[in-house]
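Beneath this line is the structure, given in structure tokens, with notes to follow.
Letters A, B, C and D name the chains as they come in the text, with residue numbers starting at 1 for each one.
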Amino acid sequence: MNPEYVVMIVNLVIWTGIFLYLWRTDKAIKKLKQEIEELHLTEKLD
Amino acid sequence: MKQIWLIFLKDIQQEFKTRYAINAIMLFAIVTLSAVSFSIGAYTATTRVLAALFWIILFFSSMSGLSHIFIREEETQTADTLKLVARPSSIYLGKFFFNLVLLVLLEVILIPLFIAIMNFKVVSFQIFLLTMFIGNFGLAGGGTMVAAIISKASTKGALFTVLSFPILLPVLISGISATRKAAESVKLMDAQNELQALLAYGIIIIVASILLFDFVWNE
Amino acid sequence: MLNAKMELIAEKIVKRFGHFLVLKNISFKVSSGSAIAITGPNGSGKTTLVKILCNLMAPTRGQVVYQNNSQKINREDIFQYIGLVGPYLQLYQELSAQENIDFFARMRNLKNYSARVKQLMELFNLSGREHDAVKTYSSGMQQRLKYVCALIHEPEVLFVDEPRSNLDQAGIEVVYSILQEQKKDKILVISTNDQEDLTLADQIIRVGVA
Amino acid sequence: MSKLWKIILYTGLALIIVGAFVWAPLEPKILKEYTRIFYFHVPVAWICVLFFLIAAYYSFQFLRTKDLLYDAYAKISNELGILFAILATVTGSIWAKVTWGSFWNWDPRETSIFILLLIYGAYFSLRSAVEQEDRRARLAAVYSLLAFVTVPFFVFVVPRIYFSLHPDPVINTQGKIHLELRQRVVFFSSLIFHTVLYLWLFQMRKTQVKLQMILRLYKENKMLEE
């Protein structure tokens, strides 16, 4: 196999992983924000 | 200054009565040395391998005893008593000097044994002894600080080696290299890089430890 | 240190362990010639407060100030003025009583303390066993030896956590006489749950109560 | 992070892939067809050093202020650091197998990243060994800073003692490899975009722990009031 494609595939796998991680963190943040808004704590979010 | 001396004396007195750390360190050194000697057998190792073996024995033996000084204070609940009467920096330095003495004693035993058993030929004792002397400061300085850290943790034994190894690795690397040069050449200048690195490391780690010790020691 | 007027001031002490609030805004002031008692249920932070006052622990917020004739004493020098007896302070078990005493006295920069030590040892009925290792002592004797170690330098501020623990009737009486003596012209801080001990105090600080 | 930034980042990353594989020529002498790896391996390795420094910074901040939020930041910085250190080690050793013939050679860079991994590992084993929260934070911060002061030795001492197999095109300018303009452009933009991407990730995690902390404080205060 051509080493160029190996590099590209490895790289894309890593990036996909990172974006999945980002996406999950983003979802968690949204959930937390919602929870905080329900408790009326928004003034603490400086 | 006086406090450092008093703490040092107190630890010597205590050690003299229990002989815990010194026994642990010496036995460990002798056991590893004989294990290494057995497994190598009649095969004559190169100076490179011997220098590395020497430092590995030295490192792991000191790991078995250097942490004791703080763990003892913590386990017998005397840490607060000591804290009440002493400044943090004098505690660190007192313990540091105790560990330094412990290391010197270890080397007094280990070096002749190693040279005799492993057939390690030192060409330049000047380089060799200087390496040991300067290296001790780094080993004792870093070891004492990590000992203080782990004495506050719940699992102590294995953690000490895990935490010290990356911190003390510069000493190990330069020490091995300088020891190899001591067996290969007579000129002091050849080991200049390593000795400078050891010296700088010793100074930096001791200064950093004095500055950081306050945070470990005070709740 | 004759006629010294010591003051111990606690200013709005707050202590958190992680996010757990132990002490909320404790403030008080004591000066030479009076006693203060800290009381509260178990786990309410009595010991924590004593440790903070003795500089063994840093408060999360607020500060502890020691003043000598209205001169603020440096944090680093406080140890020369205070003595503390408590169940969490142990002596060096392998060393003899004399060695322990010597160590603590010298750490506090004392020179001629042998007469004082002899007097205290007699008072606490420990004479004759100075050279035995502390680990051979019974717990009551160790408690008495702790008092000796805390009193060699005639501390301007004496902290006692649980004054009665491990002591027999005779021991308690000796301790009481010492505490009475202390509050005459110096500062006494006791931490206790015992109602009788509270009668010693001029001021009572209650911790852990809403 | 705003929409615009996201678009810039995505197109930038796409352009880097195109640039690395199509636009920039191969380095003919040493790297040959492995030139491509260089554009992605180096940024990852650089990132784990960066996170190590960030962790030291937040550890210092924690010791200064005793605010547990900084400890949480130092912790996530170290978490990401260990993740990228593992990535860099794995990709690097595959590369090493192809070019130098073995997975591990104890070349200075490999040694350094190995030490970095050891430090990260020690950091987390220390954290797991201390139960009380603020004590754990303090000890971990002290250890971070202690490890931080030994870094110069790995940077200056190790390379003097062991010789390097790594190509040194950026740091060592009179060196063996000469990079063309196009290669430089791709390399540096890749470095920048990777850094931005990872810092973004770090920022998101920071927001997450901050929100968690606010919630937790709120709940604990409520419990105390009851």
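Things to note:
Basically, contacts are C-beta pairs under 8 Å (C-beta built on N, C-alpha and C of every residue); 3 or more make two chains touch, one makes a residue touch a chain.
Only a predicted model underlies this, so the values are computations on that prediction, with no experimental measurement involved.
Of all chain pairs, the one linked by the largest number of contacting C-beta pairs is B-D.
Taking the mean of C-alpha positions as each chain's centre, the chain lying farthest from the centre of chain C is A. Note on chain placement: the centre of chain B and the centre of chain C lie 38 Å apart, centres being C-alpha means. Mean C-alpha positions place chain A and chain B at a centre distance of 45 Å.
Chain centres here are Cα means. That of chain A falls 17 Å from that of chain D.
We define each chain's centre as the mean of its Cα atoms; on that basis chain C and chain D are separated by 50 Å.
Contacts with at least two other chains are made by no residue of chain A. Touching two or more other chains at once are residues 219 of chain B.
The residues of chain D lying in touch with chain B in their complex are 63, 115, 118-119, 121-122, 125-126, 129-131, 135, 138-139, 141-143, 145-147, 149-150, 152-154, 156-158, 160-161.
Within the complex formed with chain C, the chain D residues making contact are 66, 68, 132-134, 216-217, 220-221, 224.
Chain A makes touch with chain D in their complex at residues 3-4, 7-8, 10-11, 14-15, 18, 21-22, 25-26, 28-29, 32-33, 35-36, 39, 41, 44-45.
The touching residues of chain D, when paired with chain A in their complex, are 13, 17, 21, 33-34, 36-37, 40, 44, 87, 91, 94, 98, 197-198, 200-201, 204-205, 207-208, 211-212, 214-215, 218. Chain B contributes residues 142, 145-146, 149-150, 152-155, 159, 162-163, 165-167, 169-170, 173-174, 177, 193-194, 197, 200-201, 204-205, 208-209, 212, 215-216, 219 to its touches with chain D in the complex.
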